[in-house]
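To keep things simple, chains are lettered A, B, C and D as they appear, and every chain counts its residues starting from 1.
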Amino acid sequence: MTAKAAAMGAGAAAAIRVHDLNYTYPDGTAALEHVSFEIEKGESVALVGPNGAGKSTLLLHLNGILHSKTSRGAVEILGEPINPKKVHKMPKKIGIVFQDPDDMLFMPLLADDVAFGPINLGIEKDEVKRQVKDSLLRVGLAGYETRVSHHLSGGEKKRAAIATVLSMDPEIIAMDEPTANLDPKSREELIEILRTLKDEGKTLIIITHDVNAIPELADRVIVLEKTVIADGTTREVFADSDMLVAAGLDVPTIMQFFEVLQAFGYPCDVLPLSIDGAVKNLTETIENGSGHLHLHIHKHTHTEVGAVRGKYQHHRTAANCPK
Amino acid sequence: MTAKAAAMGAGAAAAIRVHDLNYTYPDGTAALEHVSFEIEKGESVALVGPNGAGKSTLLLHLNGILHSKTSRGAVEILGEPINPKKVHKMPKKIGIVFQDPDDMLFMPLLADDVAFGPINLGIEKDEVKRQVKDSLLRVGLAGYETRVSHHLSGGEKKRAAIATVLSMDPEIIAMDEPTANLDPKSREELIEILRTLKDEGKTLIIITHDVNAIPELADRVIVLEKTVIADGTTREVFADSDMLVAAGLDVPTIMQFFEVLQAFGYPCDVLPLSIDGAVKNLTETIENGSGHLHLHIHKHTHTEVGAVRGKYQHHRTAANCPK
Amino acid sequence: MISEIDRYAGISSPIHRWDPRFRLISIFALIFSVMLLYNLQLVMIGMIFAIILTCISKIPLSFVLSRMKLVFIFVIPFFIIIPFTVIGDGVEIASFGGITLSYRGIEYVKFAAMIVLKALTAVMLIFPMVGTSRMDITIKALEGLHMPNKLVQMFAFTYRYIFVLDDEFTRMDRSLTSRGFKRQGNLYTLTTISKAIAMLFVNSYERADRVFYAMRSKGYSGTVATLHEFHTRWQDWVNTAVVVGFAVLLQVAATSDTFSAARGFL
Amino acid sequence: MVHISDGVLDPWLWESGWVIIAVILAYTLSKMKTDDVPKLSVITAAVFVASLIHMQVGPTSVHFILNGFAGVMLGILAFPCIFVALVLQCFLFGHGGVTTIGINTVNMGVPALIAYLIFKTGTKLDIRPETKSKVTLFGAIAGGVGVVLALLLLATELITTGEAFYETTVLVVTAHLPIIAIEAIFTGVLAGFIATVKPEMFGEK
């Protein structure tokens, strides 16, 4: 447990406070056990974990869609415990973007889908129209109002799904694998959209398997595997690679590579997480080394490289794997 | 066009020969235009392209499920043109793994799903049983025969879907985004399964958005965007990063990082594609440099780094992107 | 697989510009009126009016005919069978296995023709009725006509998910084919397809849950409203007067002596 | 589904069809929870899509009727489901008729309800076979009964309309005899499958 709940102010109302949340599906699958964490306003948090870890299940608890007797009072949003009877009042506080956009685009027209939330919130028509236009613009779909959802491409559907939540202007936005199935360009555009939201001060929770995107998106990472097995800043969590690998996860490619570089004599304490971080790290290291940097092969380089690489080769240790 | 069809022997029957394939969906979407390429037996090819490039559409042409008047004779598998009336005879030659495993698993029990293909091929019962067992073993699901397919986890379903194709023992296996939606561990396990298939001499076609997996999986990359816009060895295709970025694609993270390293004076002609490649490259470079390697910041380092990084920032150039 | 009736909703014609609420009601009334007729001449007049409406709507005739072909296959048996098979006296032509072919004369040909014409008229009128605006607008018009909100929601969501599920089944079907499955007329085919459909149901049941969750998380509390507003102009009233007037006229004519009712033959 | 086209039936028949269905719909809609609407819609869409699937049997191509299954799954809520499916089928494909939507819904829905009752009673019976085979068996019976009753209703209506339709009725019913068997097997397999994979689908209403 590398959990770190220290950084959180206990005074002001947290954006999200989950305390000892448990959930078992009716068929007996225990999906969540003793989950506790807090997220401050304005934080942007990545929620990671292997397939079946309960990430999506947790998301559905954040606005009370899923709930059980044992979950009463376990989730507080903006200081108020969730009332499962008032789920329809939640969208002002927290908006959820589901993984499959086809589940979110249920109206015949895209504009209707984007207007769905605001209308339910009782906002008046002209204002709704403005918000529809604005939300579509923000996800790069300006002018798509009268498009039919089933004719959109995969990437467009993803962005449309986000627009349907943006239009309600919630304080917290939670997303389930927003970058899955996107081509690299659409993925980057989506990351940019999320970054804009972050800069605007929204509280973000992003479920993702895409570890290379995390450093760009999140200040903090929570690792879930039925329960919270790690919680800390992005750097802290990624530093504990043993725990991550044990949970079937990975650290960003660049970080793995800098571990290799260390074996070649690269002096660094804090491994960079992304290419941009790496550039900074390189520059600093070289400048500290008075303009130069030496890499070399010493006696243990190859054993060290072997050890570092072996760490991330899940399949070598996986019991149920062929060969 | 960096296309390179040189490496192909024109004599022996190619595994796949596509010549001037065109396809327009009934609603008027032109999905494929003048697609031509050849794949030799035993090759392992990655098919990349942005969302909506027609990759899945192309896959469905490879065994004749999709066809049109204009496609007659355009696709040859193992030397024989496809006859759309005999699609059900194709599985012995080419097996297709669909993107969503839920499309492939429709029996209550996993064993029935895996046995489905062989039974259709008219194979006798004992042999079918043997193949079911064998296929499940190869994807690491030994002993899962009596599990309910629908209740498997995401990663297990993906592997099960591959088993349903392996059980027919096709010479060519084509897969649509095999690693999508998987957690890092399942992804690596899957990559390992594909590598084993490759080593066994199967011809593989792998559609993927996961550029970091390509160097491990494919000797050759075909870039599709309605038509083939590049075709060559993995290294050749990734070398042309301008073309890739223009097509909304990316090169592997490590390769991007080595371009950065070049700006810091790292001497290399051939950029490595994966961490393992990078280790080799580093070792060689250092050994050639008589055991040492100098990196430094020169006058142009920062401009160069800026240029290199700018190249891959799709969103800065995307017209329809916010801000 | 699902051909869209609203393929030509984008073109412009007087019918397209007609307020969908009025258009639905008026043409619906017209269809009812024609179906109540039992006089061949009047049915033919109704049919001609339907053809005129369809022409005004500028929906390509080839599109209309391609749909009517299907209906023709449904109703043509009446045309062939009825004149020959009515029990009772008539000119016996042939008999096989209990079914006697006997020709009953021109009156029955007329009766059968009337049935076929009525069916065709109804199908043809569907085009100006719902083919002239996008399906989603048509569904909103149902709401404008004060159909219960729950039912309107069911139409809207069902219409949306038909396409999603159709894609789903198409993909499943392709995966069956790509593993050597061929549809034949045997038990194996039947059970295999049944299982595929069963899977479709299980998947859609789970999707239904997710859709409901998504709706709840967007504030759904039972009713659905949209931004769409219908605007009524005087032209809508004129169109309505013409079509409904014609429907009433047909009924008035039917009660007059000039057009004897054909029902007496039965 | 078994459709009657426009213009065939005696007007009083299809008029009463509308009256009956209006009453039943009003009742079921009032019984229906708003939370059921999305779920019911997606299942209706699945029924719609499944009923488009054709199977070659001998020289003809048949498609599934699914009213028995809709009943088994939905009970009385099968009525709005069938109604919506029929309206959309009429609008999208021109199948069936406009004026006959009411009576066609009755023809499908009443048997669906009876199929539901049979299935419910049957699966509760304490007889020997284990649950799955029991569900399959009564699913099959429900599916078969659904079609038989729908055909009976249809035949009655045609014959009531006029003796001119007598032979046509015989023909229609004969043509549908194999469908009874097909539908029975189909519904049985479906019910058995669901009992194995997702039994809670039978749990609710």
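Just so it is clear, contacts are C-beta pairs under 8 Å (C-beta built on N, C-alpha and C of every residue); 3 or more make two chains touch, one makes a residue touch a chain.
Just so we're clear, the structure is a prediction, and the values are computed from it rather than from any experiment.
> Can you list every chain in contact with both chain A and chain D?
Expected: B, C.
> With contacts defined as at the top, give the pair, C-D or A-C, that has more of them.
Looking at contacts between chains, C-D has the larger number.
> In whole angstrom, what separates the CA-based centres of chain C and chain D?
Measuring from centre to centre gives 19 Å for this pair.
> Report the inter-centroid distance (CA atoms only) between chain A and chain C in whole Å.
About 48 Å separates the centre of chain A from that of chain C.
> Can you check how far apart chain B and chain D are, centre to centre, with Cα atoms defining each centre and the answer in Å?
Spacing between the chain centres: roughly 45 Å.
> On chain C, where are the residues touching two or more other chains?
135, 156-157, 159-161, 164, 195, 198-199, 202, 207, 211, 215, 220-221
> So which bits of chain D are touching at least two other chains?
In chain D, the residues touching two or more other chains are 38, 193, 197-198.
> Chain A: which residues touch two or more other chains?
Each of 106 in chain A touches at least two other chains.
> Inside the complex, what are the residues of chain C that reach chain B?
168, 171-172, 174-182, 195-196, 198-199, 202-203
> Over in the complex, which chain A residues touch chain B? Could you list them?
49-52, 137-142, 153-155, 177, 180-189, 191-193, 196, 209, 211-212, 248-250, 253-254, 256-257, 260-261, 264, 275-276, 278-279, 282-283, 286-287, 291-297, 305, 309, 313-315, 318, 320-323
> Could you pull out which chain C residues touch chain A in their complex?
Those in contact with chain A are residues 134-136, 139, 156-157, 159-161, 163-164, 167, 207, 210-211, 213-221, 224-228.
> Show me the residue ranges of chain D that touch chain C in the complex, using the header's touch definition.
Those in contact with chain C are residues 3, 5-8, 11, 14, 25, 29, 32, 34-35, 37-46, 48-50, 52-53, 55-58, 64, 73, 80-81, 83-85, 87-88, 90-95, 97-99, 161-168, 170-171, 182, 185-186, 189-190, 193-194, 197-198, 201.
> Quick check on the complex: what are the chain A residues that touch chain C?
Spelled out, the residues of chain A in touch with chain C are 60, 63, 65-66, 87-91, 95-96, 98, 100, 102-109, 111-112, 115-117, 119-121, 125, 128-129, 132, 148-150, 164-165, 168.
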